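Take a look at these structures.
You will see two complexes here that share chain A, one where it goes with chain B and one where it goes with chain C.
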Partner chain A sequence: MSAAAITARRFTPPVVGFGSAIFVLAAVEFLIRIGLINRFIVPLPSEVAASFGRVIVEEDILHRFLQTAWECSAAGVLLAVFGVVIGAVMHRLPLFRRACETWVAAFASAPLVLAYPLFLVLFGRSALTIIMLAFLSGLPPVILKTLEGLGATRRVLINVGRSLKLTQAQQFRKILFPSALPTIFVGIRLGLIFALINVVGVEFLINFGGLGQLINDLAERYDLPGVYAAITFVILVSVLFFVTTERAERWLRSVG
Partner chain B sequence: MAQKMANVSTSDHVVAAHQAVPAILVADGLVMRFATAEGEITAIDDVSFDVAPGEFLAVIGPSGCGKSTLFNIIGGLLGGYRGRVAVGGETISGPHASIGMVFQEESTFPWRNVVDNVAFPLEIAGVPRRERLERARRFVSMVGLDGFEKRYPSELSGGMRQRVSMARTLASEPKILLMDEPFAALDEQTRLLLGDKVLQIQQELKQTTLLITHNITEAVQLADRILVMSYRPGRVKRIVDINLPRPRTSEIVSSEAFGRYVAQIWGDLREEASRGMVDDEARALHAHDHKHEQKA
Partner chain C sequence: MAEIGRMTQARRAPRWLSGVVLLRAAIVLVVLLIWQGLAVSGWFYRDVMPALPKIWDALVKLLSGVNFYWNLGVTVEEVVIGLAIGGLLGVVAGLVVGSNAFIAKAYEPYLYYLGPTPKIIFFPVMIMWFGVDSGSKIAMGAVSCFFPIALCVAAGMHQIDSVLIKVGMSFRANPWQMATKIYLPAMRHPVINGLRLGLGVALIGTLLAETKLSNRGIGFLVIQAYNNFDMPRLYAVLVTLFVLAIGVNALVARFSGLDAIKQK
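Let's turn to the complex of A and B:
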């Protein structure tokens, strides 16, 4: 393959992705301008773009972005550590797995955010409330995907380890974990999505800084372009986490 | 056991009939029974043989004769059997450092490149990184994969991946190489060419090898002796000495002597394979009738 072809192969997907987003925004702009979409519900994309400067300068966006990102990171680290450990323990103890797997799956669909008053009582009106709620909301997919990944490790790979007399710890570290890693990371990404939704949701509900509070403020001022601009920053947090998890996965696989 | 041949030994220090050296691997009176829904099944029954250092023994038999059970017992992956497996006089009861296993299924680690796959046993043994990579490269080269060191298994063909698995097993420098139909999933041409590679490696390392296979051509091409197993329960039906010249290549398959050995072993296997087929058909019929009875 020539160098030009390799370059084209590398840059074509982001260019097509970016082009598609521009196309969709242009289509929405057009549909709003001809009155097919109500501009009091969905603002013009051009107005949203114009509001970025104002939101960044006047609303202390960097500080809010960092606060939401930090809360989400803390929840992410907690759910990755506890989720993988609990999943591994459940995989190791079949009785524990049979006893609890259904409960964990049921817990995944519980609207935990509605329990925020309880968390306020437990942890006060602080970042800890937000982190704990986000952590618990994102935990079930990590546990379930860890179980799935470890359980799907091919028997022959385990037998390779057994034939080389690996200890239980080596078997886990060198074979089970790297083999399950792609599935575990699917769980971590799902968990992070749940966590981010809950972080922003609880910031919104308890009016405690971050992008959630900004969205609430802007909505109360009926600054629709500003609301959508702030939502774009939430998406940026999400993009940041996806890039980070992708790098982390690649690194962990390389050292596995 | 009437079916047991004269050169099937039952002692560590019995000298194999054709070689004046003590056996490195001894299987003595191995019996393995499995409990199934249809009752107890004897997978292998009173299987005994020995392998001399540097010897290439092939175990051949029809499907269902307990070849894989034998592989797992000798490799130490299966317990609960009767009898004894000894390596260099020492009775073993689990995986043993002297036995390196190459599995039938694709067993490379997809998250490691070729050289890291091959270096895996050395990493477990605590060999420093630089040294283990150097040693791994030697085995990568031995299986003919020079230039592919940094490739991942997903970028290799099935035959290349099996060569990586073999290099990984060889890297642990086992006294006995135990292979379970390693080329079963490959086409005939690739299988013959990989057979050449195995012969070349065996020649170079004087590697004691035990190959489990159902392929007569492969067994005759590679082995010094072939142990023919009967259909369920798997017993030693005959042990055939293969007196073909060494070093061998796949060209040997066109020789008259090769054809005679293939015909002789097929003669032994034919009856067993027929029994297996009849048994399979009877079981399928029984399962079919049982299903209809349940519906009724």
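Let's turn to the complex of A and C:
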């Protein structure tokens, strides 16, 4: 197969996918213009594209983005520290692990974000409410993946540590933790994704903070092109976040 | 010998008296005692942490009234319809994307990257499209569950043994026959897993939408208790909701055979 054919084979599917998205948007634009879709319900895609600049400048989107990023980072640090520590303690104490592991898994399936009114009462309408909810929602995958990673450490590595008469702390620092790090990072990545979803969601629901509040604000002002532009912006931020953490995970796995 | 000794000991000790059960009971007891201690300490504003008897009374009152079951019925109806619509669309999208390598390369990244975005941000759009009644909540449930189901079905399609597909093609099965006789039976577990994940996110999407704008459903009960600052009732509704969600998730896992798969 020639180089041109290989290039064509590689790039044709993404081009077709992107082209399809453009085609759908063009079709929607056409249907709105001929009156088949109500423009007071669905704004013209061209109006949405044009409103990007306005939303970015007038709504101070950089400040809002930084606010959301700060809340996510704070929740991320909390869930990484507490998740790994709780996972390590559970791994160290097998009885405690057997008693609590199923609870942690069950906790993961509970719709914790529904408790946001309770968090509003406990922490007020502030960033702390958003951070605490994001932290707790992202905690179970970090704990479970830490347990999985530490439990999957190869026996031979543990035996090497024992033969070198390492203390429990040294065994953890030099052998268990480095060996489990790629799996732990998978948990932290999942936790961060849950945290981002909850941060933006709760910002929207309590009308406070960064990007989530922006969507709520624009919707209350009935600025439809602005709402669609803000939603697109949040989707782009989520995708960027997802791709970055995915790349970091791959890099860590290749290094490990 | 030591092994036999341990086995004999295990046989003697009743299951309900095992170390795990005792530790669990101790943890629950300690948490409840700490809660009650904090509730009566006066360190928090009144009713922010209600005493346990107050929460118990609210729970009994909630579960003995007709109002709760009526609202539960509304939420269940919205979730089931949302799951049916989103699930059906997700299965079809997953089958289409997973059945062809070119289509998978062209469209699967959109499913993959849109999947983890926060779906509640679409709620203002859903209100515009489907109104403030149940329609927008059903739509939220459908949008929420579409992505995990489509991704699970597409992933399941990629894992199907190619021999099975060749057998279907050699019998000149049409697309419907291929879907119902080859693809769906061969990937029962990814589909069920997707539906289980979809059920969880559809529930969250619907309930969050109810808390934002609704006058019925369990989400409405949560926000109503908050607005009235009826904290014992708020705790009672949340506890009931969490128990129901965790229970349904565990039941689906057990009856779909996913537990057995995990144990293998």
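Keep this in mind: the second predicted complex is superposed on the first by the 168 of 256 C-alpha atoms of A that agree within 3 Å, B and C clash if a C-alpha of one lies under 4 Å from a C-alpha of the other, contacts with A are read in each partner's own complex, and residues count from 1 in each chain.
Heads up, the rule we're going with is that a residue touches a chain if its C-beta (ideal position, glycine included) is under 8 Å from a C-beta of that chain, and two chains touch if they have at least 3 such contacts.
A quick note: this is a predicted structure, and the numbers were derived from the prediction, not measured.
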Contacts of A:A49 with chain B and chain C, given as first, second, both or neither: neither
Broader residue contact with chain A after superposition on the shared chain, chain B or chain C: C
Which of chain B and chain C A:I231 touches, first, second, both or neither: second
Which superposed partner A:V160 touches (first chain B, second chain C, both, neither): first
Partner chain(s) touched by A:I175 [first = chain B, second = chain C, both, neither]: first
First (chain B), second (chain C), both or neither touched by A:V200: second
First (chain B), second (chain C), both or neither touched by A:V113: second
Chain B versus chain C as contact partner of A:L95, first or second or both or neither: second
Parts of chain A lying in touch with chain C, wherever the complex brings them together: 12-14, 16-17, 20-21, 41-42, 95-96, 98-100, 106, 109-118, 120-122, 193, 196-198, 200-201, 204-205, 212, 215-216, 218-219, 224, 227-228, 231, 234-235, 238-239, 242-243
Partner chain A, residues of chain C touching it in the complex: 19-20, 23-24, 27, 48, 102, 105-107, 109-110, 113-114, 116-118, 120-125, 127-129, 200, 203-204, 207-208, 211-212, 219, 222-223, 225-226, 229, 231, 234-235, 238, 241-242, 245-246, 249-250
Contacting residues of chain B [partner chain A, same complex]: 75-77, 94-95, 97, 99-101, 103, 105-107, 109-112, 120-121, 123-124, 172
Chain B contact footprint on chain A (complex, rising order): 154, 156-157, 159-160, 162-166, 170, 174-175, 178-179, 181, 253, 256
